[in-house]
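Worksheet: the structure to be examined is printed underneath.
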């Protein structure tokens, strides 16, 4: 039971981070490594606003909005100008951007890990042989809400449908009169805001925020979008949980034969060998 | 020379080819026609090995070739061009042709020792370029050529592999009238070199003018074959083309 | 002599020139983007370290075996590339990098997290090379590798590589076996990375798992792309630049890494084919 | 004429330099280890201030020349040449991690320049040669001391072991295991985890089922804060024993629900010590840098203090004389209770056990049995 809860919490965070990457990859086919830098920015902004205002919810929303805007900035000032180039170009730019971002955070917020102490005043749920802490409740419920909202957005609104159309065929979508520019910007906004949410939640959950916290995320999230079949939102959600369960269960049964990351990547390589297009290939409609 | 025997191909639930058989005789200019979605390009992909038939087989010079990888089939003497041109855009025109001349070397240790730039190769490459009217452009990057010339370059590259059978996928598409006329001329020259041609085309005037023999596919089935004149009078063929709104005229 | 500082940097720069040229065989020639090149580098370095420290083998043997085993693993780990393409390949190679480093760390034979320490200095005719000598020695290998690259550009191998990079279907149609040439590319690339690994191991006198981790792969890729993919001079320039840049930027102390990142972004935005790439400004400047 | 100018310049420069003795420092100030690097830099700067305030060395002021190595052995190696040959330092302090430190140690040995490593733990660092020393307590000593703490002081019979998968964690665990067995305790559980691991619940669940007397968990403060937090969540109330990796105010800050309380660690820094240098260091550090000092800062501080003393004993800035003097340094104003170096250039000191009570480190026990605290035994 405890293992299931742990895996669910871990998976929630993977999912939140991967959604942005999946949206962006789905539309622009960019491996957006700097997404991990965006995630870190979200965590720092959340912490800063929380320290300033003392109101967690306000801080969370401010962080998501501002980080979302930063994401749009990354798109319109950087990626947009190199989209026509070979695909390796945005990849390397993304790497450079990530390096610069992390060092910028160090200069602004310092090199030391900062605690993100938050007491919501909710009691931990304790059952027979398991416990769900208030922060785990926070993560699970906010992820749940985000996923429901995202589902509604993607399926019930014009914008969501436009995003799907862009993901299917960017050129065609443009030809059909969809304002591609706006849709892509919105995808960056949404993806970055969700990354900020993930950053704040992880900051609270781990009780620390620091400049290089995105390192692990930078590659781990890619495992999720590969398993999820690159560009499929529902695939990414399922894959996020599969990965978290795989990692957690392997550790529980077998102990640490290899570090978690290596396990994740082994799973990924095996999946790629047998299903070179990922577990959940996007239906091409 | 080439025998396609009862070939079927399905993608998932979609049946692209249903038991098609036909034969290409040596020395012919053979056309494979049919409305869009008839399965012509699928047939090409099966002949040159990109796809494996779901059932049936393909024989070339009396040997079964279906199931072999494409580079083996190329080695046996089948070359092809593509519906959407696939030259090597960053190589120069002559390099494209030279790259085509290594089919035997590519499978040997020779790749590590031999250069395509020997006198004999260059001479042959220049001849092929002259044949295709590209001699003056030999040092330009392939990507800088207009599409009509890239099609010709693709043909030159295919000829460079010294094929016995040349598969051409819509060689006339995107060409103007004069270029089309030149293409017909080129076809005959190629045949006179002893290379058999099997081609897919939508331009009926061109097809009927140049082909010795025509096979017609519709919805994955062979509906007719014969001399151009015969085929163009065949009611099933006319129906198939009228059904799609295309025009057939010889 | 204060020249030792410079010699050391030249040695590192030489090692990374070999690495970026070897990665260029994969990316620039054969079009197989790998973000796990440090794994091959590490395999070469560990081969030398294990053979020299645990089996007491001499320099010539370890050098040869580093190259061979590097090539062998290039071959072996290149096999997945036959099934996995494009971005999936990029991610699979990242994965490979993590798994290889994890194995170095978790298998005691490889020294575990301690790494392997105590490689003797490489000796030639019984003489030890100083920093200058070693810089010269690594430069010798750089020259060899450059000559090899020039040679490769002339032979059929490169035409096969270019063919599969530009269009796999068209390549097959002219008789190029795509799997075979991918394997050639991974093997050559792995062997040259193995050479670089040997030079590194003897330069440092030790190997640590983290010296071959994912960020190192990122650095090598950045060198290749920044300098100019597919050319010979480009990866060389990239390697020299990114090796010396952190040292040249020391005067700004605290903003060093920030500026390093920004420079990469700016160069790639305004010189997307690389400084010495086919459309790079430096290439045009030289042509004048 | 030009030559004359050059000579004059050299003379002028040497005159100006006459008043300083340069000590080098390489630390990670950007990238992954930037936080520890900053602590080490600040600790070293404070030591230079302390020495200069007390009249300097040999009548001259100490000057610190420092560079960022980005935890990159390439940079630490090239910096070694730069510090020694270009900047002309007489001795060097490493404020970096094991990889860069071990790689640079070989170079300093070759250049015959004394190097004192502040807190890098790799056992082979000092084996680079007679010029390479270490201030930090060897992981083997700490592991051994941890075993005595567990078995003798806390009367543990059944012990669970959590091992971090790097050189530090593995050395500690091996030493602890050997000594604990010798003392008659039983290791009932042992599992490895990755340095970056964040979720220990799965392991801790298993530990809980075995119900050991104490848990010996290797790790750094950022792992440790998660271990103690998650242990409390799961209702594990056994004492968790840590080591100097835990010794940072951040360990307490990053643990949730005051979960750090009750943890016992073996370390070098005795915050409750009445010795004036410790009190001065703790107070001055917080005043100067706006945060409490940690073990890394204290070790870097001591490394500089030891070098200053060695230069004084040597009576000159000759590097080989400083090296010889380092073997004789003892009784200095040290924050970490440094006594002297062994002939293998490892530090001998009392191992201080601290307990966390009321979100603060307090002295718990002191181990000074030479059998335990002398490295190499």
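Which chain is which? They are A, B, C and D, in the order written, and residues in each are numbered from 1.
The definition used in the following text is that a residue touches a chain if its C-beta (ideal position, glycine included) is under 8 Å from a C-beta of that chain, and two chains touch if they have at least 3 such contacts.
This one's a predicted model, so the numbers in the text were calculated from it and none came from an experiment.
Under the contact definition, subunit C and subunit D share the contacting chains A.
Counting contacting C-beta pairs between every two chains, the top pair is A-C. Chain C has the Cα centre that lies closest to the mean of all protein Cα atoms in view.
Relative to the C-alpha centre of subunit D, the farthest chain centre belongs to B. Work out the mean CA point of subunit B and of subunit D, and you get 73 Å between them. Separating the centre of subunit B from that of subunit C, both taken as means of CA atoms, is a distance of 42 Å.
Once the centre of each chain is set as its mean CA position, subunit A and subunit D turn out to be 37 Å apart.
Subunit A and subunit B have Cα centroids lying 48 Å from one another. Chain contacts: subunit A has residues 103, 259, 261 touching two or more partner chains. Within subunit D, residues 29-31, 165, 192 each touch two or more of the remaining chains.
Of all residues in subunit B, none touches two or more other chains. Remark: the chains found to touch one another pair up as A-C, A-D, B-C, C-D. On the subunit D side of its complex with subunit A, the touching residues are 29-32, 34-35, 37-38, 165, 191-194, 196-199, 201-203, 205-206, 222, 225-226, 229, 233-235, 250, 253-256, 291.
Only residues 154-157, 159-160, 162-163, 166-167, 169-178, 180-181, 184, 230, 278 of subunit C touch subunit B when the two sit together in their complex. Those residues of subunit D that touch subunit C in the complex are listed here as 29-31, 67-68, 70, 72-75, 77-78, 81-82, 85-86, 98-99, 102-103, 106, 122-124, 127, 165-167, 169-170, 192. Those residues of subunit C whose C-beta lies close enough to touch subunit A in the complex are 27, 33, 80, 83-85, 87-88, 90-92, 94-96, 98-99, 101-103, 105-106, 214, 218, 221-222, 225-226, 229, 254-255, 257-265, 268-269, 272-273. Within the complex formed with subunit D, the residues of subunit A that make contact are 2-3, 6, 10, 103, 106, 110-113, 115, 117, 124, 131, 133, 135, 206-208, 210-212, 215-216, 248, 251-252, 255-256, 259-261.
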